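For reference, the structure I am asking about is given below.
Every chain is named by a letter (A, B and C) in the order it is written, and numbering of its residues begins at 1.
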Amino acid sequence: MSRAPILHGRIQRVRHGRQTVLSDVDLRIEPACWTAIVGPNGAGKSTLLRCLAGLQSMVGEVSLGGRPIGAWPGRERGRTLAWLGQAEQGADDLRASDVVMLGRLPHQPWLAPPSPADHAAVERAMLATQSWAWRERPMGQLSGGERQRVLLARALAVEADVLLMDEPLSHLDPPHQADWLQIVRELVVAGRTVVSVLHELNVALMADRLVVMQQGRVLHHGPCDDPLCHDAVREVFEQRVRLHQLDGQWVALPVL
Amino acid sequence: MNRRGWGLGLVLIALTALAGVLALSVGSTGWSGPQAWGADPLAWQIAWEVRAPRSMGAWLAGALLALSGALAQGVFRNPLADPYLLGSSSGAALGVAACLAWLGVGPASADVWVRLGVSGAAFLGSVMAVALTLVLARGVQHTLRLLLAGVVVGVVLGALSALTMLMVPDITRAMQAFMLGTTGFIGWPAVGTMAPVLVVCLLLALGGSRALDAMSLGDAAASSLGVSVTWARWVLVLVLSAATGTAVAQAGLISFVGLVAPHLVRSVVSVTHGALMVLSCLAGGLLLLLADVLARWLIAPQELPVGVLTAVLGGSYLLWRMNRSSGGLT
Amino acid sequence: MKSRWMTRWACLLAALLLASVGGGAHALEVRDDRGVTSRWATPPQRIVTLLPSLTETVCDLGACDRIVGVDRHSNHPASVQKLTKLGGLDDANVELIVSLRPDVVLLGVSARVIDRLEALGLKVVALEPRTQDDVRRVVQKVGAVLGRVAESERLARRIDAEVDAAAAMVPKAARGWRVYYEVDSAPYAAGTSSFIGYTLQRLSQDNVVPASLGPFPRLNPEYVVRADPYLIMVGARSAPGLPHRPGWDRIRAVRDGRICVFTPSQVDVLSRPGPRMGEAARIMLACLQQQVARQTGAGS
């Protein structure tokens, strides 16, 4: 291990009712790195991400920056760790810019109005996700893709050191998926950490590190271009994917 | 607050001022405008002692109910939420039924109930019903459990108050008046009670409005932004119960104002919860004030139940707006 | 041959005559306040009443023993308290009523069970007394149902006589007072056209609510403040908050304490338009006499 992990989750067990969703996970997320979590449906990817964000009740410990996540005061944690959930509903009556401004909540004193720095951060985030054009429209009037980009901008506006995103590419067409990739690469270069749960294997295979999950356990965690990693991917998807290299990028194709 | 929000606020204030003048001029003799006051000293006194507190009370009650409604819709993320969803209406009805049933019967019990008064009994009943709901739901963690507990409490207490009405039939008419809402007996003391409650509740609601905005994205997102969701819900539920209880205690069970005022605001502007609270108060106050004026005017000197008029006024406006924007309705 | 033809005709004629006489003597026909006519061959022997005033009327006409079931609010005379209780106007126990096999059910026009009972084949007579004319008509109809027409005439006359007797004893000082009678605290008032208003009128009282507003209007409280009644009559349940209503402290009756508070049992008598109207008049008379005595006693 070259660097101290910025997020370290030691999860013994997470249960939903009678079902055990996660068991015996020991995951170290490296800083300044993009880690993608992949796995079949029901593998526990979203639950793992929620545990790392401190949003899931579990048996175990998660530490952020060396401190247990429970010991972090709410706002400080909010400034350090940003979260984007899967298919977030709601806020249909708020305007897009108001939703993105919510991302600045951890930075604002209790009743203070937004500062110029907040407005600047919101603008930067919305321009990056190309959602600045409809900042005055209510969320309820946006299409799926437009809405997702606004929610993405909200997560970016926090300008946190760690960004956890669950299915960030849902509803996004290829050009905007490319935009997202660009944003992540820039964040990593700037020293931020990104962890994303991805269904799109092709995009996931472009990450720095891959976490492969199966039935509530981590099967493999390592660099993306490692053959062991590819074996693990093929294994969790029951050998029904083929991995090929195309122009220096790995792509996954279903076996017909 | 954006420009449209300010515009709506100013329009509502202007309309309220107009409605206020109307309210002072309409009474048991129909219209008797300010010019009549100079001629008849009794008219001026009546306007001051009877119409002024009643109108102001109607506005305050409407504002309190609208604030509760906006809070309820925000906390439960449900556009159909109204101030009474945690059982407070049935609790208030039971309190009033018990008070009326025991009032004037036997010297000992009468003393307690007279001291408490119908208003006090309604407030107490409303607050205790919400407390019961919170106990049954074991806190505010799960909104669904809270809603279901509220329904259960509402139904059970409603049955109890119906039983009281059956056992003591003399109170039926008075209970009916309470259930349909009545602004007839609001005097200056009642106004003096409602005004500070409105100010305090509005300030607390504004304090929690950012949390409500964050919570509209989901509990997880709000939590990740550093909002203490449980703490915010507790405070906001208590604020909404206090506001509802106070309004119900003075004006009876006026339905629809709390439900429709936030929707009226949202049909015109898209605002964050902070602005929504203030604008809902203005809209709700105006709605109930207009309903009260019409209740006194249409069949003077007889009076219509004000709850019927709030439904007609609020519902018609909402239908009109929905029809207008039926193309863009999502 | 001719004689056989004649006998046949004579028999037919006799039969027809007999039928008409027999039918006419025993057929009872009553048209209730809904316009529905009910017929009985013989006067009904098993009666169910769901309105206290109708219960009292039936008993006063001497048919108390024929009542098999009453509503929960009927409590006079004492003998009916032992009868089967059938609920109120809104929630009468249909099954229980049917099981009592009544020949007639007497109730108010606004009862919700009427359709159900008629669908089950029971004869329903719906009567609703609100004005004084109604009272006389209802008494006559009940008498018709019971086959006690003469007694009903006597009862109507007796009610009038008792009210007149009370009216004659109204002290001179109490004549022509402006009175506000509050039925319930919404506020609902008893207007001039109601049976209560009629009694007040006979007692030489001036009702602040004119006939044009109907028998029991729901008033704007401001109206009462403007009308400034000299005397207020109210039941014990509504009485406590009354002087504190906004603006009411300038009403003469409130300022000088001329408020007659009736006990719940007195309110029962006052609010039932039936045989006890004479007693109601006497209760109101006692109120007037008491107020006059207070005035002269205080020396003002």
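The criterion applied here is as follows: a contact is a pair of C-beta atoms (placed from the backbone, for glycine too) under 8 Å apart; a residue touches a chain by one contact, two chains touch by 3 or more.
Just so it is clear, the structure is predicted and the values come from calculations on it, not from any experiment.
Student: Which of line, ring, star, complete or other matches the graph of chains that touch?
Tutor: The chain contacts form an open line.
Student: Report the most central chain, judged by the distance from each chain's C-alpha mean to the global C-alpha mean.
Tutor: B
Student: Relative to subunit A, which chain's C-alpha centre is the most remote?
Tutor: Checked the centroid distances; the maximum from subunit A is C.
Student: Distance-wise, how many Å sit between the C-alpha centres of subunit A and subunit B, to the nearest whole number?
Tutor: 43
Student: Can you compute the centre-to-centre distance for subunit A and subunit C, using the mean CA position of each chain? Integer Å is fine.
Tutor: That pair's centroid distance is 78 Å.
Student: Centroid of subunit B to centroid of subunit C, CA atoms only: how many Å?
Tutor: Roughly 39 Å, centre to centre.
Student: Subunit B touches which residues of subunit C in the complex?
Tutor: Going by the criterion above, the answer is residues 72-73, 88, 91, 183-188, 213, 217-223, 225-226, 235-241, 244-247, 250, 261, 264, 267.
Student: Applying the document's contact rule, which stretches of subunit B touch subunit A when the two form their complex?
Tutor: Against subunit A, subunit B makes touches at 2, 77, 206-207, 210, 213-214, 216-218, 220-221, 223-228, 266, 270-272, 328, 330.
Student: Touching subunit C in the complex: which residues of subunit B?
Tutor: Residues of subunit B touching subunit C: 27-29, 42, 45-46, 49-51, 53-54, 100, 103-105, 110, 113-114, 117-118, 166, 169-171, 173-174, 176-177, 182, 184-188, 296, 300-303.
Student: Could you please specify the touching residues of subunit A with respect to subunit B in the complex?
Tutor: My answer: residues 50, 53-55, 73-79, 81-85, 88-95, 98-99, 102-103, 105-106, 108, 110-111, 138, 140-141, 151, 154, 158.
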